[in-house]
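Take this structure, written in structure tokens, and hold onto it; I'll ask about it next.
We call the chains A, B, C and D, going by the order they appear; numbering starts again at 1 in every chain.
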């Protein structure tokens, strides 16, 4: 088998199917989509791509498939799904996904159309692997779909370790080798052997700490919010066709934004790291419930209202009120005396981690440096904030 | 300055005082006392010593002293205390400390006598460093004593990272560089800057996970309990003088045990890893409150009772009912809006971690393989265990 | 001081000048120029950028400046030069530098014009740092210019370690901390203390092994040769202005190539990793001296001749006959009994490494897969190769 | 299969034979024999043992056996030999081996007697593995004996990487995973595939650099020479039986030396790191050929002569004139166009490395600090040294 050298897993062996899938345009494109999109604006070394991550997920899936001793057809399908699981991501990954969903009505995990329309489908068919089954697996459905997309999937295992390696932040170091050795099948479902509770908990903890220090870093959130507004604009104005938009690379998108006058300033700000700043950065307890986890339309309306009160241009105010993070790992199942139980029921840590997630939650309002003060005051007014939201 | 190459901190620079202290017998002895005593019976690579750990603690103290910009005299004292903080440990560190305390009436952090009686004192005096102040610092008292022995001290920072490096377990990787950069002085007391809550939490988490997977591994607990019984015997029988006993190295103690007939079998079992096994391994909820955290005398009495019921030799039963672990890091103070607060009050994780510690608590009863069954039944009987205590 | 987290050096402290320089467009552009250009086509994790490398070089320069205890003005200049040393690089760094030199008549280390024309100059002037002196330092001239660009400079130290970290290849791991501690000034020149010969040799060795396994990997050489031909075409045809060309990012160049019909196929081949293959891959001893280290014009003429003999399209043949690598590190000076000597005179390894470089030298001829055979035969003919050049 | 966590190879899977072998006294003894004996006096973290190294060698042998797809019986034998290959080492490994050889007439690789006399033999017989074949393999003889003891064996691969990990010195990092993947069988002999020359060279280089910085560090050489003299004394005086001596642990030997008056001072000096110093440290070109690589008897005679001239006690002078290191890796065979060739014939680096070994060679004469000057002068006299041998 061909091998590829990886910075995280050392040598990765490629089955012939994987080699053929790698040679397709949708997979090669992932070389130009950063795994952590704008996090590199904070952690300059975070330039790893969805391509190398996809190889890592494939590698862990191969190990899991060996550990579970699966029959060949299922093993082939799971490995293929692991390798292609990210092809549906748009430029800058999660940071444009809501704009794409609004205009395409499709989540990035729905990749059936991509398999059907591109070489990926041809390769899978040549290898006798069912396209629909692969698409379902990427979406977490079908036999062992949870291995690729579930509460403790190989996707998560790879990205926690890889993101830690590339940011230099030590919190993502989970013991993935032990977790995969702890995989068991009970009635066709994936569970974790009960002597590995600490390993499973470590994955929850790693994500919680990586959220706090990396994934939800305010600089990356600001850049992401700017990308969302600019992407919305070019999609709404018909500058880019939604299907083509979804298949741009990161820098191709920056090019599109730079070439369209209404988004050119955002492009320049992103490219040269002259981002909006935080006018407001409010804790959960200071934000009225009605302003938490806002819809896109509501967000835009409130932005206009804040801009109006502040006497600022509407494009100068970006409101970013995220949902409360779920803790998917808590749904992972652990074998206790031979019976699967939810990790969340078994581990007293989960409640603490959920509280922790609530603690680091922030509502942000971003604006250019010259209008920060007025936007802050307008925000307190419009959103009825309880405390001072200065960052 | 002389430098020493360390596997964890790379180059460590030695001030002249440190060089002179290193050349003393009490410091050189620490080359022969393993940091993790019997954990190497589980993790074969865990052979690092209290000597290299002491260098690491000294190094982190030097960094902290620079970060806090302390005056020279205090800086000298803190660095010296950091370097010598472990000289009071007996052979196998924590695993003989209770036997030593019973016979010497002294905790390993009380090192005043050692400073006074050995070259350590001479060196300190030559350098104009007050012996009593150093001894107080090692005990966590006096100006900035908490830096060396406190809720988030440099001792803890070094051992979490070092133990992770040498066991290969990834959970101890805290961001000590960031934590030390976050040190601030408020009214003469050590606090953590408030943008570093995640780093402080990570130290709590690291210890909790290291407890679960390394420090409280049952094989190491069994070996430790066997060492305690054997140490007690040679001390009680006057085979070894308590003061001399406390200054043995790990293997010198094994030699002492091997040369005394009543402890020779224990020595051979420890040396060749033919340990007792778990007759009982009971969860917290299955053990009546009265049998949790037992005194030494009560433990011995219960052991005899269990042996009697089981028809076994008294030396064939070892009962090990630990206290519930406190969470010292929760007392660390974090700056919140300029005011120090307890980390435990600030971080929602702490309650979860305390629950977690309770979850991994186990009462153990250990015995030779041939009497496991009868000792297990006798244990259920004598300790009125609620559930099946088979491991 | 502000700190940045780096994957290689952990925390990097930024002086105010460095912060201001980082905020300029020429420095931010380096976020989009990969340090190893097309090596990521072989080592998928090699996506680190000249931006993070520049931070690393700055960091090592700061350490060296402290070690040598330099006066402030010189220290400021050296740190600034270290930070900006790569701003002159075009897209894909070394892989377009010859095309740029042909059209601009300027080497990437000549950055005086960039300092004068961009914000970089403004910032330097505000900080009272002389532009010309910085430009000279980047070019290896002036006081301690060799620290930034010399036989054992901090540039080399950073990239060897960083490239090893990101490719996962273990050969680049030199002991840069020890090398910098070994820096001494003798009559104003930089030398290495004589107990550090092994550290200095390790840098030579690291580069030799990295050449063999990473830097001169044939896939990257093929991609580089294709980039050179395509760049030449757009420059020669006036599609891109040379000055503007030199300031493109990697992916902006791919965009330019894709948008111009004569280079569109090359762009697509590079983007989707459908590269030319090796028609010939000839050892040094099989290539007549006259065909080693060819000028650009001679190369193009021979390519046409080979294409002609092979009956292939001229654009289907790429000839790549590199020069023999010099061994710059051998000129580094080591203190021997207080006298500086060339490392090459002191170390018996250097001759072996030079022979090694000759051993891995290869002349390559690249072509599309469908004409490989005929191009190979034509190459043997035209270049009078002594042996079979099949790879 | 049972797994063990290793700090270098992560999880190591144990076949049942390996588990049974590990449970024997000769294997458990290796927990108390340091891999790098007295190197910990220079690199305080170098406390790893021959036990964990043996596990590592076993692990790499398992991988090699899989790579070569060997039949079961041969695979079992090779894995067993890899695991037990170090049981013949005396206390402090290489540093007492010459004393043991003088008195036992047996090299540490001759382990037939140990297999026959201990549980090791019983276990091997139970598993149907031939004792003599295992003993031959450990000695590098028989089918694929070179895998365990040969120019590029798994022993070397493990120790280079492990010693680098534990000293923190970066030079030992070879790409063992790639080397093992490059293993091929040609006519029953082990060769390296020809695209892996750089990996094979890196092992030579690693050893050369580790020699210079770690293995031949003067402090460790001094301690080793002191151990040799003291060991000789207790063996010559009949204080310890040679067979029993060879099975002591490191610290048991220190105990034996401390308890015998004529060696008590050496024991105290070693234990408290109060070593002899270098009276002379002479380069190869300064030492007459007749004084290079001296026999034991000649060494003792010259020591007495030097002591006599210096007016010092005979025990105060230790002469240490090592042989010139061979370069065993150069005999490794590489496939070139399908034909095995010696790496030394293929790689131009080997000559350079041999010259390098000659360059770092030193003759040492060691003495207590108070007689250094007179011993140095006497040494120049007696050994007719050409230059000043002050270190």
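What we mean here is this: a residue touches a chain if its C-beta (ideal position, glycine included) is under 8 Å from a C-beta of that chain, and two chains touch if they have at least 3 such contacts.
In this text, all values refer to a predicted model and were calculated from it rather than measured experimentally.
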Listing by label each chain that touches chain A and chain B gives C, D
Top of the farthest list for chain D, CA-centroid basis, is A
Check: interface with higher C-beta contact count, B-C vs B-D, is B-D
Cα centre of chain B to Cα centre of chain C, whole Å, reads 51
For the pair chain A and chain C, the C-alpha centroid-to-centroid distance in angstrom is 34
Between the Cα centroids of chain B and chain D the separation in whole angstrom comes to 34
The positions of chain B in contact with two or more other chains are 10, 169
Interface with chain B, chain A side, in the complex: residues 169-171, 173-175, 197-198, 201-202, 205, 209, 212-213, 347-353, 355-356, 358-360
The chain B residues in contact with chain D across the complex are 4-8, 10, 23, 25, 28, 31-32, 34, 40, 43-45, 47-49, 51-52, 55, 165-169, 249, 251-252, 255, 271-274
Residue positions on chain B within touch of chain C in the complex are 3, 10-11, 177-178, 181
